[in-house]
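We just call them A, B, C and D in the order they show up, numbering each chain from 1.
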């Protein structure tokens, strides 16, 4: 078994990984940048190594420095967390060369799945459904034929494309030729290359992913799905499991495909197969994340498995003990990501010093965070403060519990998304489980609508400020008196004048 | 005493007080409140047996950011001293305008030079924080008077970055 | 459905009840004594009513004041929590008279189970096994006969007894007559009444209890057992479920008896049947707690039911939705009770002001508390600070997780039992699940053994204090300088002399 | 400088310092430590890359209760001033002995009167806290000199309750 793990990460995920290590009796090694000397992962770890300036490139992304810290500390393994070096094939290779266990898949798996083209090719070969599409379209006739085969609506895309340029959405055959011409001309101007291809357009896409675990003995299992369609700018905001739209039959089939997808790249460790799903429950492979996901706790809660421990056991060379047939989803879990951002100001990031924090606790609540009172959230990294995870017997109860938890969760000093998340829990589309990736956009008005003005609450705020000021004035006076003696008439006069203001 | 809450002013008077029980009038509305500071900067207030939790952050000696469950307020205590200072400030016609960022961050790029004439909507500076870049633009045609930061500088919230006229 | 609940309690249980109310959309009303104005339950509630001076008798135990607060607030129900008025039949009756729903059983159930003699009689009639024993023993011959029937060892007890007086433990028939005579003479002297009776002595008693739920339509179910044998002075310290000694067969049978016991007193709501169990898994009814137990969260975690919500639904007149056959125990849960007490000083209570608290969080950890930084734990009430509950797939993993949680749990300002609980988690008898109610006594030395002296840790403590002192001195000097100008030679001299000390 | 830790004294010297990196000698043992106050009263210390979390409660200006993961220590800074005060105290032979409680609580019963002669092991006062009563006894035969509390009084930790001779 691995004895000492260096966690090449920071924030909540570093602390979360260390917790599991501690339960396994494994010594933990933190690495930290200049900005992170006082960060929780440094405080929580058994050992801590400084790895450079605050910008990630010079510290958390610097392979050389991390390997150096691993060697110095004598760590026999590195857990990359998510982000940073977690999907860097070179890093995985380098670890191997240094004879340090990389807690993750092989560099081959990372590379194959990291490149969209090779991933798509591999999936097609393995019989996994991918979004129907064409290679380069050579002429208008081919465009008409192929679009017919795919089925409308289709998206015409520039091969060299990006940023939405050279893209045309087509709903009917009658518009395809015009669209192809327009896309080609736009692409020619934008990229100097007019080659285009055609792909099926998913009108109301759901983002649903499957958690998988694979050991080095050919055992691969899935731990069911996570519904991640509540997104803002392609950033997940809320995840839940089970998905409110998936049926047992579709779940079983998708799970089988997820396992097959992992096997196709000889996957080892924990990974996630992401699918795009439409309203009719057609599903298509989107990509694979070859690491632990931010939202892994909801799976842990509903299935009852500690995924980090499984990662470590697999990396240590143990065989998976969990069998597919012994797994089941029990109850419902929801995760809300709490960001340091200002929803009223276009979600602008809000780093700064935490003045006060009250964490929600109690039945069915898990809170994975890393900030504390007096901690200054640095400007250099991700604005994720914590993840609030609730579990309940039913989806309805889970939503009520999340509302209760968000209600009791208070952070001052930085702006957060807490109230915005509360609105999502109250939004009919979410409550009814009828949402796709357009959810936030569609419900923008409802979600950003602040509660109606309440005169009484205004007045209570005034009372608090007024009394605080009064109390402080009194303290100040008391100090003046004690400094200057009891019968100082000048100060007595001052006191009265202060009170009269 | 006058208290400014967001953009309006309220007349506040402490009518009576016994320990932590106070009688306060706000624009003529009377409140009997039981008010206790339970944690540093956090007040528990009972009014007609309703329980309110209010968090205060002191920005300056008379300025607060007050957070109730549902809302945040900028509150300022206006006493004789502040009134005097304000009246003086009004006389002072030398008003300068500056570009600043509401959040701390790092200067990615300064797009103008001192002396430049810029047009409404022009981006003058780009600030990055937490992997996100924000562009700051001028709202009207302006003259760039002074540039106070350089690329790579780490800045605080509300720190003047560029002075414009 | 109930709309507004007054919680006639304080501390962690008041907050815990309010959390479930909030999830159900029920308005919560707190009551508070003088000492509790700043307590968490007042802050958490929607409304709060003052009910008198700090001693419980004048506030939390004062039925009149609590009923008055309920009437004033318009609460339609009262939840008594545990302790205080929760098992007071008069209070339940008074609520009924006032047409306020008492969230608990009828006064009849409380009375019958509250009196040891009537409870024992009722249980015998219902066919529930009770500790074998006699009525009054009339002569020595009867003592020999009955003791033989019961089976040695037996305990001779004074009918008027108490405080261990007039008690004799007898292992063999040859000693019974001497013991009876000695007990009689001691009882005569102590109580002026020499009547005695004989009861079976359980040598290695395990305290195992069953959670039950009963509605007003005759449906009664049990939610399996809790093992509560880790006790100090008859006060539970740690509880776990499932019990490490109970077999599925015994569990099923005990569960049936627990349901029958509840039915025998027409029970309604949540309650607990306590059994004494010996090493051979013989079990005997001990008593019934006609209220929510402190340790209810471990059942909630393993069975997946919110017991407070069930209480409220039953009290609202709903039928139980949960069926016995749908329930199962999933994984293992342990609760540690964190008390404000000093294990190194004979567990003396340690009220006082909380200077700093770091709560343990993360996967599988539930923390039900009520204290916060700056809160002063009053001298008037129970020393329970919080309950730390962990869950894991296996007992072994649950112990590892509890150790991890206790490790990260830090409170300064008052003494706590945290390190003592950590020692229990390391104690072989506990780890092996081989313990009974004598556990703490038996392992006293191991449990109170403080870790061996570590020179380096001493030195780190010195470094912290020394540097804090140095930093403060510097701040002080800086202030002196800024007050007196830069070139104040006198202060400069002072600075140097301070450094030289 | 001298530092008293529990019952022993240690010689401590700050050899060098750069920002939060210090070189300290304790009874001749040298430590290179990176020390930062992360929260009020909580220090994070790295020594040879090992991470320590230390909590400090200031009892008086030079007295601390210091808590590491496994232990608590009473630590006192002994500078010239405290040495001087201590030396004066020693001259002062008027040592009084008092009965006090290590915890706050309420006086349940005072079992003696002023002027009483009590025997070793006699209980003189009963204090209750958190539903538990504690009896306080005299260790030797003593004379009750002064009773400073009455039944029902609320007391602080370490407050003198009864003065004995």
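Keep this in mind: contacts are C-beta pairs under 8 Å (C-beta built on N, C-alpha and C of every residue); 3 or more make two chains touch, one makes a residue touch a chain.
These numbers were taken from a predicted model, which means no experiment stands behind them.
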| item | value |
| --- | --- |
| Between A-D and A-B, the pair with more C-beta contacts | A-B |
| Label of the chain whose CA centroid is most distant from the centroid of chain A | D |
| Rounded Å distance between chain C and chain D, as computed from the means of their C-alpha atoms | 32 |
| Geometric centre distance via CA averages, chain D-chain A, whole Å | 48 |
| CA centroid of chain B to CA centroid of chain D, Å | 45 |
| Touching two or more other chains - residue numbers and ranges from chain B | 39-40, 53 |
| Multi-partner residues of chain C (each touching 2 or more other chains) | 44, 372-373, 407 |
| Contact set on chain C toward chain B in their complex | 30, 37-38, 42-49, 72-73, 372-375 |
| Partner chain D, residues of chain C touching it in the complex | 340, 342, 345, 348-352, 355-356, 379-383, 407, 410, 412-413, 419, 450-451, 454-455, 457-471, 501 |
| List of chain A residues in touch with chain C within their complex | 15-16, 19-20, 22-25, 44, 297, 300, 304-306, 330-331, 358-359, 361-369, 372-373, 392-393, 397, 400-401, 403-404, 407-408 |
| List of chain B residues in touch with chain C within their complex | 20, 34, 36, 38-40, 44, 46, 49-51, 53 |
| Residues of chain D defined as touching chain C within the complex | 1, 3, 5, 10, 12, 14, 22, 24, 26, 29, 31, 33, 35, 37, 39-43, 45, 47, 52-58, 62, 64-71, 73, 75, 77, 79-81, 102-106, 128-132, 134, 154, 157 |
